[in-house]
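As structure tokens, the structure follows; a few thoughts come after it.
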Amino acid sequence: MLEIKNVHKTFGKSEVLKGVNLSISKGDVVVILGPSGSGKTTLLRCINFLERADQGQAVFGNMNVNLKAATKKQIHEVRQKVAFVFQNYNLFNNKTALENVTEGLIIGRKMIKEKAIEIAKKSLDKVGLSDKYNAYPNELSGGQQQRVGIARAIALNPEIILFDEPTSALDPELVGEVLNIMKKIANEGTTMLVVTHEMSFAQDVANRVVFMDEGTVVEEGTPKEIFTQPKEERTQQFLKRVLPKEYIYYI
Amino acid sequence: MLEIKNVHKTFGKSEVLKGVNLSISKGDVVVILGPSGSGKTTLLRCINFLERADQGQAVFGNMNVNLKAATKKQIHEVRQKVAFVFQNYNLFNNKTALENVTEGLIIGRKMIKEKAIEIAKKSLDKVGLSDKYNAYPNELSGGQQQRVGIARAIALNPEIILFDEPTSALDPELVGEVLNIMKKIANEGTTMLVVTHEMSFAQDVANRVVFMDEGTVVEEGTPKEIFTQPKEERTQQFLKRVLPKEYIYYI
Amino acid sequence: MQGSFNLEFLVDTFFVALSGVPTALIITIVALIVASPFGFLLALTRINRIPILSQFSRIYVSFVRGTPVIVQIFIIYNSVPLVISSLFSKLHIDKNVYEVNPIWYAFIVFSLNTIAILIEIFRSSLITVSKGQLEAAQSVGLTNVQAYRRIIIPQALVVALPNICTATVNLIKATSLGYAMSLPEITLKAKVAANVGYNYVEAYIDIFLVYLIICSLTEYGFKLFERKLSSYKTTTAKGGQQYA
Amino acid sequence: MEKYFDASYIFKSIPMLLPFLKVTFIVTGLSVMFGTILGFILAMGKIGKGKIARKIANGYTTALRCTPSIVLLFLVYYGVPALLEKFSVQTSNVDKIVFVVITFSLQFGAFMSEVIRSAYESVDKGQFEAAVSVGLSPFQAYRRIVFPQAFVVAIPNFGNSLLELIKEGSLAYTIGLIDVMGKANLIIASNYNAHALEIYLALSIIYWIISIVIEQVFLKFEKGFSKGKQSLKST
Amino acid sequence: SSTDENGTKIRKVKVAFDQSSKPISYIDENGNPTGYDVEVMKLVDKLLPEYEFEYVGTTSDDLLLGVEQGKFQVGVKNAFWTEERTKKFIYPKEFLGLSSTGLVLKKENKEIKSLEDFASAGYTLAPIAANNAQYTVIDEYNQSHPDNKIKLKAGETFSVDVVQWVNEGRVDGGVMIEGPFKKQVEEKNGPYHHLVNDVVYNEFAVIKTWPLFNKKEQEFADAYDQAIKQLQEKKETNELSKKFYGRDLFEVLDQAKK
């Protein structure tokens, strides 16, 4: 479904990604863990061409793209297949919830308006926002905003959704709201690549957990493998620091 | 040590505090819980006169103050006894970490400079910032900033410290940092009144938990009482929503 | 003043001054319309650090903002016809440059001036729109042009509007210097009227009133427009910044 | 155009113009001084609780923002003596530079009141609260915490207003003040109005250089004072 | 006022002059006031021991208002006589000087000798500052010739360079005083000497110029009359006219308009 090979990315002098490989099958939910600065965000952004990698290949289904030299057309095609959910929502401030969702459909996909609105309403309903169609982002709570962000992504009917810490900008009380929606979508079989610090989500929902550090994938496996028997020392250290006390017994 | 009686506060038309009573003994660590908008912040601010209550009494040790009609002198005296740690740190941006701490001592308390610096260094050391004396707030991480805020409060040697959600502006990884410091201070016998969403802190450190809703104290008791046998339905509802799954078995 | 205050003259001349308003407004509007696209494009060259062009617009902005408008007026008024006529004669274009209405000089001066002001306004307002907005637009499949037109510009405009308002008011005021180009606008008309009976004080009170009226109306109009444009922001609670 | 344009006039006139910068600077300096005081008073009216004071301060600012400098200059120059004469105060011995300074002080006061107000409001309310909560008196909190931070915010806006003032000040030539602009016009007159373009170019070079210098100085100031200032947060 | 050594009272008076109107009145390179009007006033001062003149350079706007308001006791600026001005100022009995006023035209238009000719040709005229009496001269012409008006525009002195404008064709003609024209074009080192074969100056009137006295200064104006009469008798004004205007305009005094 999605395969990434040997992604390199340097900012100025610091090499942030040092040859990352990743492969995701259809329907998989893959969680990426890793300390701050390990390159998780950068990896997602390179996949979606929000950042140009210095080197690397990506295979989306039967489409093979060079992450460095992709043409405009290829980028456009990739973005049709891949949706992105931002950490800080990045909703269009000047558009209502509904318009936020239809924008990509009408302008990006050239869909006719009625159709787009229909789809947009459906995906807003799915995330439980049937009563907020006409609210502007600043009239929504953080959790609601993030749910619009998710609705905007799923409305595009992408083959894969990338989530970059979708709950870290939320108040503790709103986190649950968003995680529940994500679980629901995962259960419907959507392929997802999620950067998150929410261990319980990783544990409950992920098929696979990838641990990154300093620009490389250090270890990957099922949640159980990673949480209970991490092989690498760096993974162990990290988990010790991050997992709440209740989990510690795992290790 | 601190007793608050019948505090009322109205903003415009909405009554935010509807007669709150609270009493804290020396050395107590009291945690206030409650949904957003229940008036927790307003209560703390009224105690420290950052907001004028419409009605109410406070007894600090042997000093009895009318929260509505306190004189300038009384307010000054109260502020000598009570320190405040802000949710968003509110460090003085134009002062270094050390100056942030000495400011209140030298200017507010008229302490001589050498003495103030000595005390300030000690309290910065206590929160683990011995190497950051001369850093400006914008050169510090969120967790470090909040720790300076705590050092600033404890340096004043107050009879009681008020904390308003001291970790909610922090990244998940920094929360632990600050909570650990708070635990340490609590264990040294400082009287603390803490508004927080960190249930584990409440559970581990608090002597007493107060649950507020809609401007009144709904229920209070030991952490155990509140978390495992909440009497009021509103408390139960709230805890169900807020507590991570791992706690749910308590209820 | 021996000649006592002449109320009748004050009233009559008020309308004379008022008759200069269309000139002032036309110049303002033309300058804004001409300057907007240039200002926007040059602002983009600065944001995206396009070589040469961005340096050019920096120097240009610095010059225009660093020199008094009246000096700019004198320079343009003295040089443009010379340049154009020598250009025409080189190209053998048989056209008299000088048959133009002085208002054309005003258009040139104030458009050139406004371009510089707008470059700064657009630049500073465009950078207030977070990069995330552009990225979000790209990630749902919009092209850059579409993203600018539908997402970035509408938001930047809201930020820019108060500054555009200030620029417009300043522009209207600056047209008062049109007298140096023999432009029959508010100030010159009133001054000519005053000349007959030497009622300068009255004339200047009239000029003052006229500018006060049109500028405050302009400000008011912008406020209304701003409110409409920023409807998506209206519910933002503006925290009272009063200190306790 | 070669017939009329002679670049040597540019270089010849610059040394003749420069000594008259003194007048320009005196006008600017005095106007900044008085204008800043006025700006403070107005800003206090705007920030304070008094409704009437706020209305007056805001009304004053609007009126001055809506008045072209040249109109204000004439109103002050002709209007103030006319008014004072009603109270039999003689102004005939008052130098015209006084009227110029009055005019631009009034105008600069309006600019400054906005600069001060917005700088003051840019300092987060929490800074004041934190200061009183560590035991500073409200006055101490303003003096030591709020004002120093507001000052940093005000610097660039103050710089812009200063530039604006220097440029607008050039209009004092219309009442015959001989500053650099006035001198430029004298030079032109002494050439029987010939070669005006070159003289104005020389003048614009002088103004341009002054503005660049001021801009750089204020950038330095800003950098120097902004220790600890929080970097821009994205919204 | 103060007293001199003889015990007579000396009164200080302010004489305003237009500082940018060479060669009529201006400030020379050393910053000293001079020009025909100013030099005549200096001679007048010498003949009036009870007065001490102080010269104040200014713009013509300020001069008119300042004299009217009493800021200055008298003002000189090549002022013509106009009806409106008599309401605001005292005109003395004796005039100060003469001014040859003419049209600057391109060589090919040299046949245009009068304002009537100019108007009939439908030519455009360079703008004149509204407070300049030349403006009034043209305006008065227009009022007396309602069917044959000249297109009159108000403008700013500094931005209008009549000779250049006429030569390059920006306007067909401009009103100018002979003195400046001579200095600019006819003199060898004049800035527009190279145009001496391209433009002409056609005098259409010789007009008397007057000092303008503040309304309260009748006594001063009378003293001036005494002094200027003596100067004219001694032909000192003729000398100054030659010096500053390059021509003794008093030779054509009989044709002069008020």
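When the chains are written out, they are named A, B, C, D and E in that same order, and each has its own residue count from 1.
By our rule, contacts are C-beta pairs under 8 Å (C-beta built on N, C-alpha and C of every residue); 3 or more make two chains touch, one makes a residue touch a chain.
Here is each chain with its UniProt name: A, B = Amino acid ABC transporter ATP-binding protein; C, D = Amino acid ABC transporter permease.
Just so it is clear, the structure is predicted and the values come from calculations on it, not from any experiment.
The set of chains in contact with chain C as well as chain E comprises D. The minimum number of touch steps linking chain A to chain D comes to 2. Of all chains, the one whose CA centroid is most distant from that of chain A is E. Mean C-alpha positions place chain B and chain E at a centre distance of 84 Å. In this assembly, the C-alpha centroid of chain C lies 20 Å from the C-alpha centroid of chain D.
Remark: chain A and chain B have CA centroids separated by 36 Å (rounded to whole angstrom). Of all residues in chain D, those touching 2 or more other chains are 4, 78, 82, 85, 129, 132, 196, listed in ascending order. Listed for chain B are residues 50, each touching two or more other chains. The residues of chain E that reach two or more other chains are 61, 65, 69-70, 158-161, 168, listed in rising order. By the touch rule above, chain C contacts chain A in their complex via residues 130, 132-133, 135-143, 146, 150-151, 154-155, 158, 231-233, 235-236.
Chain contact summary for the complex, chain C toward chain D: residues 1, 5, 62-63, 65-72, 74-75, 78-79, 82-83, 85-86, 128, 130, 132, 169, 173-174, 176-177, 187, 200-201, 204-205, 207-208, 211-212, 215-216, 219, 239, 241-244. Chain D meets chain B in the complex at residues 124, 126-127, 129-137, 140, 144-145, 148-149, 152, 227-231. Looking at the complex, you find that chain E touches chain D at residues 14, 19-22, 26-29, 57-59, 61-62, 65-66, 69-72, 157-164, 168, 180, 183-184, 190-192, 194-195. Residues 48-50, 76, 79-80, 82-84, 86, 88, 90-96, 103-104, 107-109, 136-139, 152, 156 of chain A are the ones that touch chain C when the two sit in their complex.
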